[in-house]
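In what follows, structures are represented as structure tokens.
Two complexes are shown next, each including chain A; its partner changes from chain B in the first to chain C in the second.
== the complex of A and B ==
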């Protein structure tokens, strides 16, 4: 299938990082990289005629739960979901199972069918990260990386409380290197630790039991550490009070904590110091469920005045799905509302987690408001570079619905059709019906690939089609000269659902919407050289913590590089 | 009505999966096309014709088609699965998932059926002139939404957890049932003419279990309500007198178990 060189001719190219907006041009690929088209001879290359088609860089997903212990627990506990979308093995492909909790093969194939080539696992507890790597190793096609949950970590909380940021940074550097992870993740800071006592956190100024530190201190401490280390990605947070009425105030307070904090990546060119994940899930007003309303407009207003924050959507798609998060107390609340099955876990010194199936229904006012809140943030935030596509897969819907979310973004008509199916009081609880903005294809390309690549600090080689970039390309059967996304949103949804071609590092992996091959995999992780002396001191102290509290010994804790398929360390010298 | 015969040529050790054996899939096909349909043997794709001789004539519409399966089907799963119309007669004892997810039409089995028959059934009729296995008319593993409509009649006995997570429809067992009859049920009727297995109705919240046979015991989370001469459920009258128990109280449930007084005096409070 794979020729050494590929020439994609005459497509309408949308490449926001290089400011190319639908220009008709050729894209050339050689040895897995984008090259100058003059350097590829037509006779020697596989030529793809992209006349009348859209050409974009391969999609980049900044936040998706696709690998690791809770994802697998979700699969095991939802066999009824497993049978919803099955495809037997054959034609060189592995068997696919699952709709909201697809197996690793389905994950790789279906992302590739959408034209995505890079997907970051949104949260992995350090102790269980070996499992996360095992699943990423088995996920075909995609380049990946994982964020390490560090906020409710006893060691981190002790350092931050004592104000020992240098030591904390040395510890984080060691953790990221040991766990082969890409960045720092926080999930309900402090709340997960309190959940061990059957309690939660209700504001960023609350105190964590025993550790006597507030979420605000954890958040600011970890932003500071993140910037001291100069990680390619910023601090990545799942805020407190997720899913609750009135939670937008907590969100705005959390936003405020990043004010005036440095932005100093040693790698990449991000312009944010805080990435707030699945913003939809805490853009709510109201006193209780009866007065539940969208505050997506307030959140967008803040984002419009603060360019140091990026968000991904966590857009509700109205599906039967599976919620899974390290936010243990939230899942407890959810199962007490919908009375379905529930998994609850505690991960020693590190975090908690929970899983509950959930059905989003347009006729439910709360669900309709959630749907509207996500779109409000996306449509009212002026700068699309602050916005990234996600459904917080599988929490608000499976990633296979991204094309449907795009449909709502590009077409007011499509939104109106959905509003008509929603609870009739939705217009009183949200401004969604009055929003006229429609995304252009250029903006779609921003939120589905370019902004995520930039926020991750990998825009040097991902998320664009400039010379030297990875040859990750998606070609869609949509003719922007003849078709108007606003008036034909269904056609765009269909085109984005089944890419005509997906090319990953020069390998054709999807043709006519069908997976036809695999491509070499990479797993990115931050290999930080911070302060060797200090790190040694920190590790000496850590031995006692392990001996006292962990069920594993410290020597068995780190994951060796040989364990990864496609290990790709990103070298960072922080000091 | 056109009749189409599928005559078993024998069964492999590894089970077959043949959800194409239903009027919906076979209507409008020639016998040759039918023989060339793909079924699974374990994870291998094989031709239907490899294990079944196809005779007779198919109809244009599934409504006008009667499929008659003859011979040994003891290792064939999913016969009639997701069937929505027409008739299917099995003169043999099919393996698991017979008529699973069926939404219409009629299946008659002249033999015994394996586990998970009529799983999550939403319509139609299934008559088993033999014994049924476990999880008859139950929910698929992990699901909390079981049988919602339709009728299942078993002439013999049925196994454990029949009608689990049942939300509607009716199951009639002329023989006895195994443990956890109607577990988690939230609506619908289960009628048992033989003995009722232990822990019937556990976690039930609504719906009825009518028992004409002997029930050795009920769960302690069911409470005695009254003795009534007869009961009418969804316009059908059941003659008693019955001892009525209500539960499962552990779920604050209001399901009813009606036990024929004559056979169950030991469960009547003194």
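== the complex of A and C ==
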């Protein structure tokens, strides 16, 4: 059915990487790539008439929990969520279940319906990463990759404490290659190790029990290692003190740790060395829950002066959802507050995790402040290239709500309508009501595809529509000549929720909002050549660690490439 | 005669999934197994000498004849496609790839898909869906735990290396002196072999686990408790609760003594709640002792594919989960299912008589490597290669750590991996039904 050439004619193209801002033009596709329209003859191609429609590169999600052990534990313990949104098997598609914790098929299909084609799994514990790959393999349509949790890792903490950065880098290179992962993830550095004893960490200067290292040392050490290796993406962190009143000070301190640190990717063109995930979740002031307030403005102020930091939003959407994070102690705290069921999954020598259902209500002042905080950061940070769309799916809401978040970004009117439903004290705790800025469609394209592609170091072939890029394209039924997003935010939300077309590597996967097929998948991972000699030495030392403290043999630990559908190593020579 | 030693082999028998086994192979035969316990060794050895099925069998009018694989598959596909409510059961003793194809097959058939957890730790799943489950990987226990509790389980018999590899005897990072650094408590209705190794044994009256758990929770919260609960004295209860409260890292392992005794998921619910409560005082985790080596994998794969861990009914086209209505025993005992596919499992030996009676009255297809009472009642029997010995794949340990199973010897001729057999079956079923064959990428 799918011809291998496609011509998308006369759409309004938003392609920020190529600085195209709503220009009416044609986009041509041949053999899975974007080509010069002159090279595609109309007669030989499938022609899509995009007159009066918006054309964007396929969406790129930098942070979403879609595959792996905790996502699946979330599904397993929430059958009530599984029942919320179902679609039967048929038309060549597998059955869908789940709202906040969709099954793998629903995950692929629903992202495609939004016009998204690349989704990075936000966190995977090394010992269980085989599971993450098994799920990604089964997830249709999407190109993916996963961030490896390394910060509470005993081996890393020991190396960093001893100041052995070279060895640490050699170990990280081996880990990323063995786990077939894309980048380095940190989740509550030090706090998760302490959680092994039921404790947490309270500031970046606090010490980890026994290992006697601070989160600050871990963070700076790993930023350094990240840049020594020259990874495509920067160090990616979930900060300490997530979710707590007053946590913005920890956020600012964490920001500060990246100051003056190098930015030296060997692949890609990023200009950042720190990505702070779901910034909303620690942009809070106040002393306690009673005085809880937004400090999104302070966070944005910092970002405005420091272009080396990017953030994704973790925007609250006011849904019943499932929180899940490698931040074990946070989830324990959360269940002690909301009294709902709680899963905890510590992983030996590596990390932890927890899962708790959560219902965000506009009438709850705390939840309303959370909603406002995310939008404050998005609207008060001047440079949209520092901002990326996310709901930290499913933590602050499911990814299927991205179009709604866009609605709030593009329309003050839409925000006012939501504020009216929120707790009446909200205006005293947030500046949200006074913010006039409204995103343009161009800026929407930045935060939903371009900025993520750039921060991931994959903007050579993802997140844009220039010649040579992957033919990942989304077409939306919205006419920017006739419709004003600010005045008709609902129309935009609707258009973004059900793409007219989604094309993934030249394959039409969505037509008129319905999934019509699959496309070849790829899973990206960092294949680093750092220092073979040193790596050998590190592995020798590692044998003892495995023999004594792990419960799997070292030889059974690495994941072979056969676990990946569409394995795509990104070769990096670091030395 | 050249010998080959394969090291770090994964034992495909129990939920411990020990991955340090050495297997000695001579002329494609396993001649020695090192490190494994008696159960594991027996599994490896039995494949060389035991009663393997090597030819597809078809039973017509009481007589059995050998048929080609093609004929067996054709017959099987027809039986399944003709059925209105086929049951697809087993799955816990095969690798995840086969399980994934099984899900697709159930989906196409509109059948009922269930794994063995519905008769072992199904109640644990229900309890987890009720109150959650604070847990961890086994290494966390090895390195940190100073208090181990086994409740309603007898690892010395069912998981022989559990204590030596993961909990009681190994030296851990923070437990350098091994067993000397740990206290072991066993709570059971009988004084088991495991109890003999314990520092403390608490004998609970049969069917009274719930009461004992409730008393412990009450005691933890400093309520008055009666002189004696569930046959256990107040003094004993208070002492054990003190132990729990004051340890640095406690781990409670439980088995079918909790899940299958009176109270079932309510027992587990209460045990998990106790552990939750304990986390206000110290670090405490809880973990089910999963039996079959990949029953955790069956729950895991079913969940990521369908949203639900077992008892999944596709009769409406989308997965529906309602244990009590959609589990294997429900559709058998209610005489709802009209055909069954059994993969690597023997329900005839393990299910209640009423269920077996119905199973014996409907067309059954078995995929297995040896003769069992279930293959005896099957209309079609398809011989399989043995996952973890003759076939690679993934299995999930009881703590849901996924491990790559190894292939150490070639299967007997004509014995294919479960997932290959299922793929062919799926294709044939799709042909009959006139639907596109779903691509199962993961397998």
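Following the convention adopted for this analysis, the second predicted complex is superposed on the first by the 575 of 575 C-alpha atoms of A that agree within 3 Å, B and C clash if a C-alpha of one lies under 4 Å from a C-alpha of the other, contacts with A are read in each partner's own complex, and residues count from 1 in each chain.
One rule holds in what follows: contacts are C-beta pairs under 8 Å (C-beta built on N, C-alpha and C of every residue); 3 or more make two chains touch, one makes a residue touch a chain.
Keep in mind that what you see is a predicted model, and the values were worked out from it rather than measured.
Considering which of chain B and chain C touches more of chain A, the answer is C. In the superposition on chain A, contact is made by A:348 with chain C only, not with chain B.
When the two structures are aligned on the shared chain, A:77 is found in touch with chain B and with chain C.
With the contact threshold set out at the top, residues 77-79, 83, 88-90, 341 of chain A are in contact with chain B in one structure and with chain C in the other. By the touch rule above, chain A contacts chain B in their complex via residues 77-81, 83, 88-90, 340-341. Touching chain C in their complex are the following residues of chain A: 67, 69, 71-73, 75-79, 82-83, 86-90, 92, 94-98, 101-105, 127-128, 130-131, 134-135, 137-138, 154, 196-198, 210, 332, 335, 341-349, 352, 355-356, 518, 521, 548-553, 555-556, 559-560, 565.
Considering their complex, residues 7-8, 10, 19-20, 96, 100, 104, 107-108, 125, 128-140, 142-144, 165-166, 171-174, 248-249, 276, 279, 282-285, 299-301, 303-309, 314, 316-319, 321, 394, 396, 400-404, 436, 438-442 of chain C touch chain A.
Looking at the complex, you find that chain B touches chain A at residues 40, 43, 45, 139-144.
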